[in-house]
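Have a look at the structure that comes next, please.
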Amino acid sequence: MLKNALGLACAMTLVTATANAAEDYPTRDIRMIVPWGAGGGTDGIVRKITDLAEEPLSGTVYVENIEGGMSGNGLIQLINAKADGYTLGALTYDSVITVPWQDMLPGYSTEEMDLIARITSEPDAIIVPADSEYDSFEALIEAAKAEPGNIRAGIQNMGARTHLTLLQLMDATDADFKIISYPGGAAPQKEALLNGEIDLALTSLGDFASLIEGGDARGLIEFTDVQSQSFPDVPPASEHDLDIQMGSFIILAAPAGTPEPILDELEAAYQQAYESDEFQDWLVDVGVTPNWLGRDEVTQWVGTTQEEIFATMEELQEQGILD
Amino acid sequence: MKLPHAFSGKWIVPALLLAVTTIYLVEALQMMPPIKSGDITASFFPVVLAVIMYLSIGIVIWQGRSGSGKTATVDTPLPAAAETQAEAGVPALNRFGALWVTLATGVYIGVFSIIGYSVSTFLYVLLLTFLFGNPRPGKGGRAWIVKISAALLITLLGYALFELIFQVRLPTLGT
Amino acid sequence: MDYFRELLNGFATLLQPEVFAYMVGGYLIGTFFGAVPGLTSMLAIALLLPLTYSLDVTSALVACASIFMAGMCSGSITATTINIPGAPASMMTAIEGYPMQQRGEGAKALGHAALASMIGGALGAVLLMVVAPMAAEAALLIRTPGKFSLIAFALIVIVISQRDSIPKGLVATTLGVMVATVGIDVMQPVPRFTFGTSTLMQGIDIMPLVIGGFAISELLVQARKGGRRTVDADTVKAERIRRRDFIPPLSEVREIGVYRYIKSAVIGYAIGVLPGAGGSMAAFVSYAEAMRSSKHPERYGKGSCEGIAAAEGANNSMCSGAFVPMLSFGIPGDPTTAIVLGVLVINGLQPGPQFLDTQLHLVAPMFAALLVSALVLVPLTLYLLGPYFVRIVSIRRDVLYSSIAVIALVGSYVATYSTFQMALALVFGVLAYVLRQHKYPIACLLLGFVLGPSLEEYCRRALSINDGNPMVFLTSPDSLFFLLLTAVFYYFMVVRKPKTPVIKGVAS
C-alpha cells in the first residue's frame, strides 16, 4: 500500500501533460532526480550542466536529491514517474550495475528508462601516497606477489565498482592484496591514505585531484585504454598489457516511453550545455573527465558494459572470490 | 481510563521489545552466518546487538520485579506521574488525546500525496486545533472563525515557506 | 605575516555591506531553521544550494557559515521553552533547559545557552584560524580502531550517564543502534531487515527519528493535557519577561568557571575535526565530561546551567572544527560541511593541502563570519528577540502545536521527498511516547541511532585490517587512549557515584 502511495506521490507531482504537447515543451518546470546527496560529486556535475542546459531548453529544471539504497530510492521515483519529459534522472555506475545485479529493486532494469546521454566517464585508478615505496605499477605488483595479502588496498563499498576493479586486477596479475572497505565516497579513502592506514586507494584520479596536485599522493595506473590528458604522468592500463576498463560515469535518463521529440530536445539542450566553454573549463577545474555519448550510442554502450561486467562478476562468483 | 492504563502497564515495553528483538535475531541469523571464513559479516553486529538487548531487558525486568514498590517512591515526581494524578479532571477528549492525534496524523500522511498539500493540511490543522484547544468552541461562530482562520494561516505559511521561498514542490491535488 | 594579513582582509571583506547582509540574512534563516522542530540548518543550506550559482563564492560561504552557527544555538530555544529540541545537537539542552523553564527560569536558561554558544563559537573560530593545519594533522593520528573506541566511549558514557536508570538507558541506546541497521548494510550492498520490501530498503533517515522522538512524542504528551496555554499562568511569568532576565547572573557564570567554557570549546572543536562525529556527539561528550567533573552532579537532569553551558559551548565550537578537515583535505567533518564542500566544488574549487595557502582570500571572510556571528549575532539575537522566544509558550496551545505538527511533518517530507519517511516519523513518535511514559531516555535512542552505523563500520574495518584479531583495539595507542578514558568515566560515574539522595525538584 505504501509502495502505491509512493508511486502516486510521484504521479501527483506532475499535473497532466499530454505527449502531443511536445512542440511547446517545456511548459512547466522539469524535475531532475539526483539519487545521491546534496553537495556530492554527482550532484555537483549534474547541477552544473543542468544549470547551463536551462537556457537552450528555455525552461527551468530543478534538482531534487533523493538519497539512499545505492541510488535505488531515486530510481524508483524516476521509473514510476509519468513519461512526459517533466521528470529526468541521473544514473551512475551503481544504478546500472550494482542495483540490478543485487536485485535490490524488484522489477527494475535499465529497460525501464530512455537514456539521453552520458556526460562523464572516469576510469578508476590506483593512487599511492607521495612517499610510497612503490614508484611504479610493476613495483607494486612485484611487492604484492612477494608478500601476498600484506599490501592494504582501500576500496569503497564491498561488492561495488572499486571492489570489482581490484578483483579483476588481482585475477589478471595473480597479485594478492588485503582489501579494506571505506564506504561513503572518496573522502574516507583520502583520510586513510593520508594517515597511513592503507598503502593504496582505488578510485578515480579526479577524486584525489587536490591531493595529487598538492603533492601528497600520486597515481600509478589508470584502468582505461587511452592516456589521460589531465594526468599525463599516469599511464593507462593498456600500456601494461592489461585489459581492464572500469570506472564511474554519469548518464542522464527519462522514464521509458517519453516522446521522441522531447528526448531529442533534451539531448540537444544538454549537448549544447556540455560543449559550452564554461562547462568544459569547470570540469578541468574540478578534475573530472568529460566524455559525451549521445542518445544513439549510450543505450548500446550501457548494454555492452552491463554484459561485460555481469560476465566478469559471474566468473568471479564461480571462483568464490565475490559473494 | 482503560486504554491509558493498558499502555502504562509495567511489562508492556519489555514484552514489546522482547518480541521485536526475537524477530530481529531470527532475521539476522537467516541472512547469513555471522562469521564466514574468519571475517565478520553483515549479520554479526545485529546478532551482538540482539544479545545485548536480551541482557538489558533482562536487567530491567529483574530490577522491576525486586524493587517493585520501592523504585516508584524513590523516583522524584516526574511530569508523567503528576499527569496521571491530574487526569481525573481532564475532559474525555483529552484523556484519549494522544490516540486521536495519532489517528489524525496517520490519516493526514495517508492522504497527503493523494489530495495534495493544501486541502489535507487545512483539514489536519483544523482538527488539531480542536484536539489541542478547547474541544467545545464557545457559543456563536466566533471560536469557529478563529480556528478556521488559524488553520488557513498555518497552511498558507507552510506553503509560502516551502513552495515560494525554497522552491520545493509539494504534492498538489492533481489527476 | 601574510597569513594574518589575509585573515584581516577577510574581516574587511565581511564588512562590505553586501557580504555583511548575507551573513545577517543567513543567520536569521539559520535561527529559524534551527529553532523550528523538523527543520535543520543543514536542510536550509541544502535547499539554498541552487542559489549559490548566482552568488559569488565568498558570499555563499559567509551565508553557509552563519546558517551553520545560528542553527547550532537556536535549537536551544524550542528545547528550553517547549521541550522539543529544534535539532539533535540540542537534546542535552532540552534535558536541562526545560526543567528550568518549568520553574520559571526559561529566560536564564536561554541566557546561559547563548553565553556558552557565544564563547564556544568564538573560541572555535579562533582555533580554526590559528591551528587548523596542525589540528588537521593531529586528526590523522586517530585511525579506524581509535575511532571505534571513541564511538564506543561515547555510547557507553551515554548509558552510564543515566545514573538512576542505567538498564533503561542501555535498552534505549541498543534499540537506537538496532533501528539504524535497517536498510542497506554499511559495508556492502546487501539489504538488512527489509523483510523483502523496497520501501524499507531506503533505510531510516535521521529526520523521522528526530521529529518522531521529540516533536511528535511531545505533541502526544501535550494532547493529554487540557487548557488553553502551554504552561499554567502561575508557574511561568513569561508574560512579564524583561531583557535583563536573559543575562545569566555572574555568580552562576563564575560557578561554571572559565575553565569549563574553554574545555567545552576544545572538546567541541576536537570532535568537529574528526570526520564522522558531528554536533550531537560534541554536545553529548562535553555534557558528560561536565557531569563527571561537576561539584553538583545531582543537579543534572533537573535544570543545571552547567550542563547547558557545556553542551551549547561544544556544539557551536564543533561548527568551526568541522571545517578543518574539509578545507585541509577535502574530507568533510560533518553532513553540513559536506554540503559546503559542494558549494566550493560547484564554483570550481577543490580543497586540498594547499587550499588554505592559495585560496585563503576566498575563505577568510567565512572564518570572519564564524567569529562575528558567534561573538556578536548570538548575544544580539537573544537580546532583541529573546522575549519573543519565551513568549512562544503563551501562544494559544491549539495554534502552537498544530503548526509544529505541520512544519515537522512537511519538513520530513521535504528532507527526503518521501511520504514513507513521514509515516516513520509517526511510528517513532508513538514509540517514543510509550517509551517516555515508562521513563526510557529518548536521547539515548537517538544517539544510538546516530552513532550506531559508525560503530559498526569502524569495528568491521578495524577487524578486517588486522585479520580479524580484536587485540588491535588494545594495541593501537589511539584506541587504548579512548578505552582508558571510558574506564575513567566508568569509575567516576558508576563506581564512585554520589551517594547523597537526590534533592527533590529545586536545586539549592
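The first chain written gets the first letter, and so on, giving A, B and C; residue counts start at 1 in each chain.
Following the convention adopted for this analysis, contacts are C-beta pairs under 8 Å (C-beta built on N, C-alpha and C of every residue); 3 or more make two chains touch, one makes a residue touch a chain.
Only a predicted model underlies this, so the values are computations on that prediction, with no experimental measurement involved.
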Does B-C or A-B have the larger number of C-beta pairs in contact?
B-C
Average the CA atoms of each chain to get its centre, and name the chain whose centre is farthest from that of chain C.
A
Can you give the whole-Å distance between the Cα centres of chain A and chain C?
33
Taking each chain's centre as the mean position of its Cα atoms, how many Å separate chain B from chain C?
23
Return the distance between the CA-based centres of chain A and chain B, expressed in whole Å.
40
List, in ascending order, every residue of chain C touching at least 2 other chains.
50, 187-188, 190, 419, 423, 464
Shared-contact residues (touching 2 or more other chains) in chain A
5, 9, 62, 64
Expected list for chain B, residues touching two or more other chains, is 113, 167
Report the residues of chain A in contact with chain C in the complex, numbered from low to high.
2-3, 5-6, 9, 37-41, 43-44, 47-48, 51, 62-70, 72-73, 76-77, 94, 98-99, 102, 104-106, 152, 157-160, 178-183, 187-188, 190-192, 194-197, 209-211, 213-216, 281-282, 285-287, 323
For the complex, give me every residue of chain C touching chain A.
46, 49-50, 53, 140-144, 183-184, 186-191, 197-199, 201-203, 205, 275-276, 325, 329-332, 338-343, 345-346, 348-355, 416-420, 423, 457, 461, 464-465
As the complex stands, chain B meets chain C at residues 4, 7-8, 10, 12-13, 16-17, 21, 24, 27-28, 31-32, 38-40, 42-46, 49-50, 52-53, 56-57, 59-60, 63, 75-80, 83, 87, 89-91, 94-95, 97-98, 100-102, 105-106, 108-109, 112-113, 117, 121, 124-125, 128-134, 147, 150-151, 154-155, 157-158, 161-162, 166-168, 170
Residues of chain C that touch chain B when the two form their complex
47-48, 50, 102, 164, 167-168, 170-171, 174-175, 177-178, 181, 185, 187-188, 190, 192-193, 195, 216, 219-226, 228, 302, 396-403, 405-407, 409-410, 413-414, 419, 422-423, 426, 429-430, 433-440, 456, 459-460, 463-464, 467-468, 502, 504-505
So in the complex, the part of chain B that touches chain A is made up of which residues?
110, 113-114, 116, 167, 169, 171-175
